[in-house]
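Note that chain A is present in both complexes that follow, paired respectively with chain B and with chain C.
For the complex of A and B:
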């Protein structure tokens, strides 16, 4: 029982970051109809920015976190501006090929700049874990969880309550009519890609210091993000939020009760299960985007 | 106020509007009637900037808006209430109205306009927190009209406002349009329901295969034997 509670707690702590990854990807797909293969690289970018800022430049950990997220947004905006803007109206295959190219280019750039050696990032939290009865959790993970929840909350607020968020939802629901209302579809796409990328970078910046940063770390993150998005239903933010926690739980239980080698297999098992039993994902169409 | 000359519109290689010209004076209610596929919707899309024309000129209050963006054209005072209503289905009634005044920044003015619209359409007030997609066709039309008015337009383009509505709602819709005109807003309306449109209009244009074949006052066209035969079923 205690072991089960421990798994549950671990999953909860991890699920928030997975939800961030999933929300970012689902937003981009929902609004732009772009299958974003660079998502995992933005995750890696977030982790490497933490390494660069904290370990190489000596920037305060918390300041570095904010900067890493902002830089992720900036890189996302640049990718949209340079690559995707030219591809508006192109068919989905062309866009996918370009995004796969961008993914490979980004990953190799990381390897070139940071070498293939994994980098660890120091964190300022006490080494002794927080003990609650029979279960315990590291302070660094508590921090990751709290910040992830905060970012999820900010994202919901942005999408639901702000003018930009409303324009994003309107664009998702009916692009031509949104344009008739005066929405500049191009700017909405840039903003969406920047936001989605910032969320991926945030996930990487949060988990990088918990694990390590290495050039191919984005691949697994991307696979997980896709699993979460398929699980929650393409374009569904609540679906991606819930999906993140479900994947984290599946991984914890898979690793704990089957074999630790099963951790990373769980995302693929979930994708298969969802595609077989409920291909539209957990959330129905009407709940998409918002 | 609005002057369209030799307008050409294409979807790929297919010409949908060929050399269309029309004039709208301030304060008028002008209709565009014609069979399905005549190019009426396309004409409105070209005026509001959603579909850039392939040729011709569109002048609004002295400014050439032929190649202006939809945003710019809305800023100049042309609102477009599209065919099929096109409310944002998963946004609430209130959010739909907020989208209607997306470019406005005068908070007090917006609040006053919202209040006035809610008084005018109590059903929208009642449903303000409901998703627009759950409204009936008639309610969605009220919402689409209100949303277009939220930009405080000088000219409103209505595309088939009566399409698919119950007869009593159709009548109500035309009443609303009449009322909008009487408040000083210029109206261009596309209608399949030619009889109702001509009765309501100061002037009208008959479109066939992408260009204007006939024009005149509503009365003249109602009395025209050709129009009676083709569009009024007599």
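For the complex of A and C:
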């Protein structure tokens, strides 16, 4: 029982960051109809920015976190502006190929700049874990969880309460009508991609110091993000939030009770199972297969 | 005119080992040929049936693993297999890949578009993780070693020239097979489906059956390429399932021109030989991949239909 509780706690801590990854990807797909293969690279970018700022330049950990997220947003905006702006209205396969090309170029640039050696990043938290009854959790994990929840909250606020969020939701529902109502679709796309990228970079900047940073770290992150998004239904933000926690739980239980070698297989098995039995995802309402 | 070019090209290719006495270049050509076969098979699915499958390397890898395992024999808790002759193993590899194609086709074509793409990626990742973790059968990351080369009718395919001819023969067979299939009724149904699915359905095209057929043929062909690869390189490890190989095949097809018969060959030659050309200038592999990525972007922007259709248009314009 204690072991099960420990798995639950681990899943909860990890699920917050997974949700961040999923929300970013689902936003970009829902609003822009782009399957963003660079998502994992933004995640890796976040982790490497933490490494560069904390380990190389000695910036304070918390300041570095804010900076890494901001730089992720900037890189996302630049990618959208350079690559996707001219492809608006192109079919989904075309943009997918462009994003795959960008992903290969980005990942190998990372490898070129940072070499293949994994980088560890110091964190300022006490090494002794927080013990609650029979279960325990590292302070760095608690910090990651709290910040992830905070960022999810900010994203919800941005989308539900601000004018920009309203324009995003309008674009999501009907791009043409939104454009007719005076929404600048181009700026909305840039903002969406920047926001999605910032969330991915945040996930990387949070988890980088917990694990290590290495060039292909983005691949697994992207795969997990896809699994989460499919779980929740493409384009559904509450679905992605819940999907992040469900995937984390599936992984923890899979690694704990089946075999740790298959931890990463859980996300893919989940994708296949969902698409076979309920292709619209768990929380989708309207047309999703397209 | 066109026939004359084809025959001349084939004669040059078939006699190549006699006048090109360079084992390294021959090796590059053999590997390129194997990838061209895989690209031809992908083109059937991606170009003609219009399904962006990003799990294609799974069939290649399954063909390679199945063929290697049958030729080496294996002994797992429920099943023991004595080593079998290599030609039999290769057929088993093709059959295994085809069977997986059927299975995946039945499952994956319930969904389309972005969903299909993600299912196909997930499939290959699951297969890769099984190859890594099922050590009893696959040796995991330790790889399957000492895979025997093909020997048929007293000829041993150990040396490079014989392997070259073998790959060339299989490539020509694959090309002809795809050509015949595409021009058949089933092939026209595939193209109709890719162009407009509801319309194709309305004129009586059995969508699932057509797509599953395309997947089975395509998977079996990729399996053949994988089997050729395994018995030529003679070592197989889970890295054959790396996503980057699928990407390489997709780049070959898209650059050459998807939905054209010559496309995968032209694209395959460019992207099969390009890495060697770049290596000659001692360019790092990272930079090579960056160039790949940027080229892929450039093709989508500037030659969205691919090289072959662009060349055809140019030729027509000249005459």
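Following the convention adopted for this analysis, the second predicted complex is superposed on the first by the 285 of 290 C-alpha atoms of A that agree within 3 Å, B and C clash if a C-alpha of one lies under 4 Å from a C-alpha of the other, contacts with A are read in each partner's own complex, and residues count from 1 in each chain.
We adopt the following convention: a contact is a pair of C-beta atoms (placed from the backbone, for glycine too) under 8 Å apart; a residue touches a chain by one contact, two chains touch by 3 or more.
Every value quoted in this text rests on a predicted model; they were computed, and no experiment measured them.
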Query raised in the report: Is the number of chain A residues in contact higher for chain B or for chain C?
Result: C
**Report entry** First (chain B), second (chain C), both or neither touched by A:264
**Finding:** second
Query raised in the report: Should A:166 be classified as contacting the first partner (chain B), the second (chain C), both, or neither?
Result: first
Requested in this report: In the overlay, answer first, second, both or neither for which of chain B and chain C A:103 touches.
Outcome: second
Query raised in the report: Does the superposition put A:181 against chain B (first), chain C (second), both, or neither?
Result: first
Report summary line: Dual-contact residues of chain A (chain B, chain C) 289-290
Report task. Name, in rising order, each residue of chain C that touches chain A in their complex. Result -> 52, 107-108, 110-115, 117-119, 121-123, 125-126, 129-130, 132-133, 243-244, 247, 250, 254, 284, 286-287, 289-290, 292-297, 300-301, 304
Report summary line: In the complex, chain A touches chain C at residues 29, 35, 83, 86, 92-94, 96-98, 100-109, 111-112, 219, 223, 226-227, 230, 234, 259, 261-262, 264-265, 267-269, 271-272, 275-276, 279, 289-290
Report task. Going by the contact rule at the top, pick out the chain B residues touching chain A in the complex. Result -> 48, 50, 69-71, 74-75, 80, 82, 86, 88-91, 95, 98-100, 102-103, 131, 133, 147, 151
Query raised in the report: Where on chain A is chain B touching in the complex?
Result: 163, 166-167, 169-170, 173-174, 176-184, 286-290
